[in-house]
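I'd like to ask some things about the structure below.
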Amino acid sequence: QDAKTTLVVAAPRTPESLDQEYPPTEAGHEVRRNVFERLLTYKQKKGDDGIFYEDFGAIDGALAEKWEVSDDRKSITFHLRKGVKSALGNELNADTVMWSFLRGWNMKSNFHWYMTQIFKIEDFDTAFQKVDDYTVKVTLPNASPLIERIWINSDLGILDSVEVKKHLTDADPWAASWLATNTAAFGPYFISKYKPGQEVVYDANPNYFRGEPKLKRVILREMPTSANRVAAIQAGSVDVAEYLLPRELALLEKAPGVEVHKVFGNFIHRVEMNNAKPPFDNVKVRQALNYLVPRDEILKSVYFNTARFTKSPISEIYPGFSDEFFAYSNDPAKAKALLAEAGFPEGFKTQLAYRTGDQLEEEMAVILKSAFAKAGVDVELLKLPASTLVERYTKGEVPMYFFRDMAIVPDAAYVANLWLNSASAINYSKFKSDEVDQLIDSGLKSTDEPKRLVDMKRVQQITMEQAPWVFLMNPGYQLATRANVKGYSWYTPNGNAFFDLSKE
Amino acid sequence: MSDRNSTALLEVDNLSVDFGEGTRKALSNISFSLGRDEILGIVGETGAGKSLLARSLLNLLPEGGRFTSGDIRLEGETVLGISEAEQRKIRGGRIALIGTNAKALLSPVETVGAQIARVLRAHRNCSQKEAWKAAVDLMVQVGIVNPERRAKAYPHELSGGMAQRIVIAMAMVAGPDVVLADDATLGLDATIQVQVLDLLVKRCRELGAGAVLITHDLGIVAHYCDRVAIMKEGRIVELEEVGKFLAAPKEPYGQALLDAARVRPTPMVAKVEDPALEKQPETPLLDVRRLLKLFPIAGTQDVVRAIDDVSFSVRRGETLALVGESGSGKTTVGQCLVRLLDSDGGGITFDGADITTMPAAEFRAMRRRIQMVFQEPYVALNPRWPVKALIAEPLRLDPTLDRAATDKRVRQLIDLVQLPAGIAEVYPHQLTAGEQKRVGIARALATRPDFVVFDEPTTALDIRVRAQIIDLVRDLQAEMGMSALFITHDLNSVRSLAHRVAVMRYGKIVEEGDTEMIFSAAKEDYTKALLAAELPVEQGTAQRDRAETRRLAGAAA
Amino acid sequence: MTRFIRYVSKHPGAMVGLTLLALQIASILFAPWLTFYSPEEADPLMSLQPPSAAHWFGTDVSGMDIYTRIVYATRINLLISIVAVAFAFVVGVPIGLLIGFYRNWMSALVMRVFDFIQSFPVFVLGMALVSVMGQEIWNVAIVLAVLFIPMFARLIRAEVLSLRERPYVSAARCSGATDGSIMFRHILPNALTPAIVQVSISIGLAILLTAGLSFVGAGVRMPTPEWGLMVSTGAQQMILGVWWVALFPGLAIVISVLSFALLGDMVKDLSDPTTRERL
Amino acid sequence: MTVAVANLGVYWRAIPRPLRIITSRLLMLVPQMFGVMMVTFLLVRMLPGDPALLLLGNMATPDTIAAFREKLGLNLSLWEQFVHYVGNALHGDLGVSIFTSNPVVTDLLERAPATLELITYAMLLTILIGVTLAIISVVRAGGVVDIGSRVYGLAAGAIPDFWVGLLLIYFFFYILGWAPAPFGRIDTFVSPPDTVTGFYTIDSLIAGDLNAFVSSLGRLTLPVLTLAIVNAGALMKMTKTTFADIYRSDFIRHARASGLSEGTIRRIALRNSLPPIITLVGFMFGFLLGAAVLVETIFAWGGLGQYAVQSVVNSDYPALQGFVLVAAAFILIVYTVVDILYELADPRIRV
């Protein structure tokens, strides 16, 4: 009976922190998905492949039973579901929500970023109001097309403030250290054991408002080496293996008793170039490198055909995506010509950085090095610890580096704003186009959906021409499970929702 | 018990040993017998095969060794070719071996009592407790005071003499019939040597066991043995009653050994009468005043007073001998003189200059005039330098010598110490001990010093080599007219070399005087004891006679 | 020289060691002529080919020829190790000589510092240091050198401590030798033998450490051909049954370290003057 | 003053020898630990990468970075940081791991048993193989074992442990399927026994959980074997040298001449070889801790070694610092114990 209700997951790493204000990571998103419940959500729809997806066109209430957006799209009012209880039995009400907002605002991290950067809120008290015990209203200074969708984000869960408040101290007024290792929220699970670097145990929240989860316990084991996770799932020691390499997935697909679920998700994998510094300040150089990528070979030998070419900066599954501007075939001759035009007939020396421990990037780096060498571009590979890598490209110190990211809000303007707006803090490639900047700005403010779509198409066109990045692949998201694990579903943060799963 | 002497206890019959096909025989055609109550001495120079013979008797040949002929019989029964277990019973049980350097023969991490008891238990059925008790009893008998406490001591806590007694106790504990003592007193002080040998012989007599004393020292043979076997190159060249041997050895080799042991010239008489020296007795070349040297004892606050208020002087052309038991501070005095050690008090005046306070750089120039010959011949030579470089080293003190002059001087020196010229290119380990010693002497004499410290120039050498070195030193001194401090254990060589003698004990000089006077009329008890421990070949007969009497008395009883 | 030949002919171990060394030297000098591919050129479509006539030792994930990379890696691995050990030797030996010869608070302090350095697990310290300095070939060499300096210094110091008490040192002093002459002409040549043997052993150790560092990702970087790094790229595959990627470079490490161990034995025997005519 | 010192000396010598040995060694630990802390601190402080930036990642604004740096104490002067560090370390506070958000002490304590269990068994097996082979090959010189061990001795120190681990995995897991999949200390479906000693093998026996015992023993086999195969050779070689010297020494020859049985003689020789063997074993313990870093990575052991690798990859200052400190402290303690045992085993050493 235990075996039916317990799920063992092999993950590359345990979450670094359980706090949703902690910087977002893949492992962290998974915790948020399973532990924190948000005010709103997307409706689910079943794809042709039998996988459940989010329906980006249909928003549904979660902790908020109903919500209203004002006509000017400047305010939203949430009517909370009554009788919702956390795993500890504390009930959800406006105070809980308000306190969660207050903590988020004061922690000056994720919540604060959305509110100030996307919604441009400046003052907490004017923006957030408790209307009555079950009603909360949020008011923005300007209209926003994202006023509803942001609340679906997994970083904006509601805390069980009754419990959290028990752990406040003078030194730690927002229970940051307690919440780093404990959970108290309204999601389907709570974490009963958290041993970072080793394992995390999720136990079902019997009071979950959608009903008690079918899997009573989920044990997540850290296995940093992907081959180990493969061996584990093959041997049946685990039910689920996350983040496997394409080669391993290809092997597992043939293995009996194992099922591989594949989603062409929202990841964009690219090599970013420092557009502000020579030689990459020259658009011809950037285009040339794009012409040098042997995409077919990479697709075949690195991805075993589980990926797709990245043909736009916008995720292919998001509304507004267009692939019509992609023209980069593997054409060394053309690349050489472009380089010659740019004044580098003999090529040049440069560096390409990737993260320690990322095997896929390493494999691609080696391939790119060889490929670029064909046009005389001599690449030195830099393998850097994640922190160093981030620091270096933040400071603009590495000319080229791998960058894999996803935007969890399925909106083209939101995505473009993150990476392509010259004002964005994470536009590390220093791409700057006045037209793009202006189109994004209006896209974030305008509520005129058709116009937004047209504008975003233009953004994609400019980006593909300007080639701020070396476009690589959308690696998709894949999950290997034992064949008796059913109900796989996919969400934009790529974290697995254990509530949806069950074992036969 | 009259049959004891008629059937031999141990018989060795035509025994030969070699180390593999085609190698030289290490022992060839050895035959002798040993009766009960008999003591056989075996002498011969290094490498003659004495130790090998002792090990053959236990059937414990070194790796690779094998018997090629002959037999060994213990009370008529062969001990070769019997089973390993039976051999084990014989070893230690019926034939016991006492080796050289007792400390190395004891396991350093176990108490000595336990080690004695263990041997007993290997041969007798008895409990741990009984064995321990027997061990302690035996320790009393070998003259160890406070045996209960000593039995719990570890070997390193014992002195050499005491350790030797323990080894004797181990040999005696199972009541063996034959005791083999292989250079058992080598490296012990003369006084202790006598005690140990007396004890060993007494125990053998008490047990009625036969004993084989292997030694280099004809004095020991003269004093303790009934018969003597002279060994050379693996064979016994002469086997004779001791009295007859001493009176008239048959073989020239035996004669040579005996002559070497009997060197007794007294050259200093002529020197003292030298008028040139008589004129200036007031200004000694070297004058040591109230010298003090302390060594801290590691891990404690205490110090060893290695030199404790020592004063003496050496005149030009004079040789002063410094004698005394081991550890009395002789070497330390010598090292202070050449400033290998800095003294902690007192003064040393050399030719009018105080060398204790002299800066090191200034003293370096002085080294040409004060030299030292070191105790151990081999370790005092850098193994990586050929002889010619070794001899040339001190010549660098003389900046006027150029390369050719240096080479010439080196050749002269090699000649001077009577080494073959070809030796210049050879490394120290390829030399014999005697040659090494000569190289050491050549080094010390290279700069024609006025004063030389000889630290035990003759110990650890064969009798014959010893005599040669003494001759050499004496000749050189006569030739070069230098003064010397002669540090030694060996009273024989003192007689041959020294004009005056100083006796040291516990860091102090207890008596000092002309050589002849000290030897004939010592005042201090300690000096007397030291002299009494000497075993001169000439005086051996008397003691042997005493022993004979004692033995006859025992047999009659 | 004849002594050397005589020695080698009598000792098969030395023979094997020399042969393997010759093999490595050949790899270093003639790598381009001994191989058929480029050591760093990826061929994605040829990834993970098992050993065949075209690829003797197979190919790795990037489709690079493993045999070619092993041959080229000899350069990197030996370069790092030899440079590191040479550096440690040149620095460590004089330090050891000085702190062994002059015994004062300075030498005591230096010894304490070495104690601290050596109370860290070598590998862990190496890992941390290389991360500090960045993953460059030279940095790996420097870090290894730093780790080895105390080793040589201690070794020499211990020798000096015992040698300086030898009578021949006293004898030399009596013969008027200066401190410098005693240190460099008397003590050093005699103290050097164990250090020279240690050189050989250390080179082996350095090869292992370099490989280990690269294995955990703290050594040299892809796609530089380096044995440890090559094993590491194959490590993942091993569990899935792809054996050739990790096997061959590992063998190369074993052979290389082994050759230096054998040479160490040889050097030890040959440099001991007392064994001279026994040979 | 001098009287007081002399008195102290008297008291000191009145203490029984074993106690004297232990106290004097323990007293020496204090300055050593301080030095180790200093080195650890400086070393890790030099690591590149700004953890604040890494942690804040995409959301970084100068404000939040500054706040974060302050939280981590990264803005104080180096000296202040060191004083803090020592003070905290003395209270058992080694900081909070940036990646696990746990106190580093907690993380280390949690993982320490895994590593200790691994290296303890590895050590035992290493000693068993190394010493046994050494003794047999000395006593039966020229025998099969002697020749075999000479060949093995050649390879000693020449085989990379990570490579051996991989080969073992390939043969015993992939080809033969005898060994369990190489990750972790116990099967995923078997729950670990309650912690008493932290050693799964012992704890499961205490709990009477045979299942857990078999599972944890099975998991231990390959990593332990890896470490033993790689290290036993070196131990064997060195033991052989010491044992052979002693076995041919004068006192052993004398014991034989005294008619003692071969068994007794071997025991005497072994007893005399003990002090150097103890030193070696201590040294190997330290060495194994380093080797564990690699072997744990291969076998996903979840011990300190793996933690160390991860902390390097993540620039997790406090974690790396904590690990290096603990590793050095561990080695110091092992060396201290070794010194104590050595001095106890060898009566010649004066205290």
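Letters are used for the chains, namely A, B, C and D, taken in the order the chains are written, and counting of residues starts over at 1 for each.
Please note the rule applied: contacts are C-beta pairs under 8 Å (C-beta built on N, C-alpha and C of every residue); 3 or more make two chains touch, one makes a residue touch a chain.
These numbers come from a predicted model, not from an experiment.
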| field | Innermost chain, taking as reference the mean of every protein Cα atom displayed | value | D
| query | More C-beta contacts across A-D or across A-C? | reply | A-D
| note | Taking each chain's centre as the mean of its CA atoms, subunit A sits from subunit B at a distance in Å of 90
| request: Report, in whole Å, the distance between the mean C-alpha point of subunit A and the mean C-alpha point of subunit D. | output: 41
| message | Distance between subunit A and subunit C based on Cα centroids, please, to the nearest Å. | response | 46
| task | Would you mind pulling out the distance in Å between where the CA atoms of subunit B average out and where those of subunit D do? | result | 50
| remark: Touching two or more other chains in subunit B are residues none
| task | Indicate the residues of subunit D shared as contacts by at least two other chains. | result | 48, 173, 181-182, 297, 312-313, 315
| query | Which residues does subunit C have that touch at least 2 chains other than itself? | reply | 131, 217, 235, 238-240
| task | Report the complete set of touching chain pairs. | result | A-C, A-D, B-C, B-D, C-D
| task | Provide the residue numbers of subunit A that touch subunit C in the complex, in ascending order. | result | 225-228, 230-231, 245, 247-248, 251, 294, 297-298, 300-302, 356-357, 359, 362-363, 365-367, 369-371, 373, 381-383, 385
| note | In the complex, the residues of subunit A that touch subunit D are 3, 8, 14, 16-19, 22-25, 108-110, 113, 177, 180-181, 195-198, 219, 221-225, 228, 231-232, 234-235, 237-238, 356-357, 384-388, 390-391, 394, 405, 418, 425-426
| task | Can you check the complex and tell me which residues of subunit B touch subunit D? | result | 55, 58, 60, 88-93, 96-97, 99, 101, 104-110, 118-119, 122-123, 154, 156, 167, 170-171, 174, 298-301
| said: Help me check something: in the complex, which residues belonging to subunit D touch subunit A? | reply: 48-51, 53-61, 63-64, 67, 96-102, 107, 110-111, 173, 180-184, 187-189, 297, 300, 302, 306-307, 310, 312-315
| task | Could you please specify the touching residues of subunit D with respect to subunit C in the complex? | result | 32, 35-36, 38-39, 43-44, 46-48, 154-155, 157-163, 166-167, 169-170, 173-175, 181-182, 286-287, 289-291, 293-294, 297-298, 308-309, 312-313, 315, 320, 323-324, 327-328, 331-332, 335
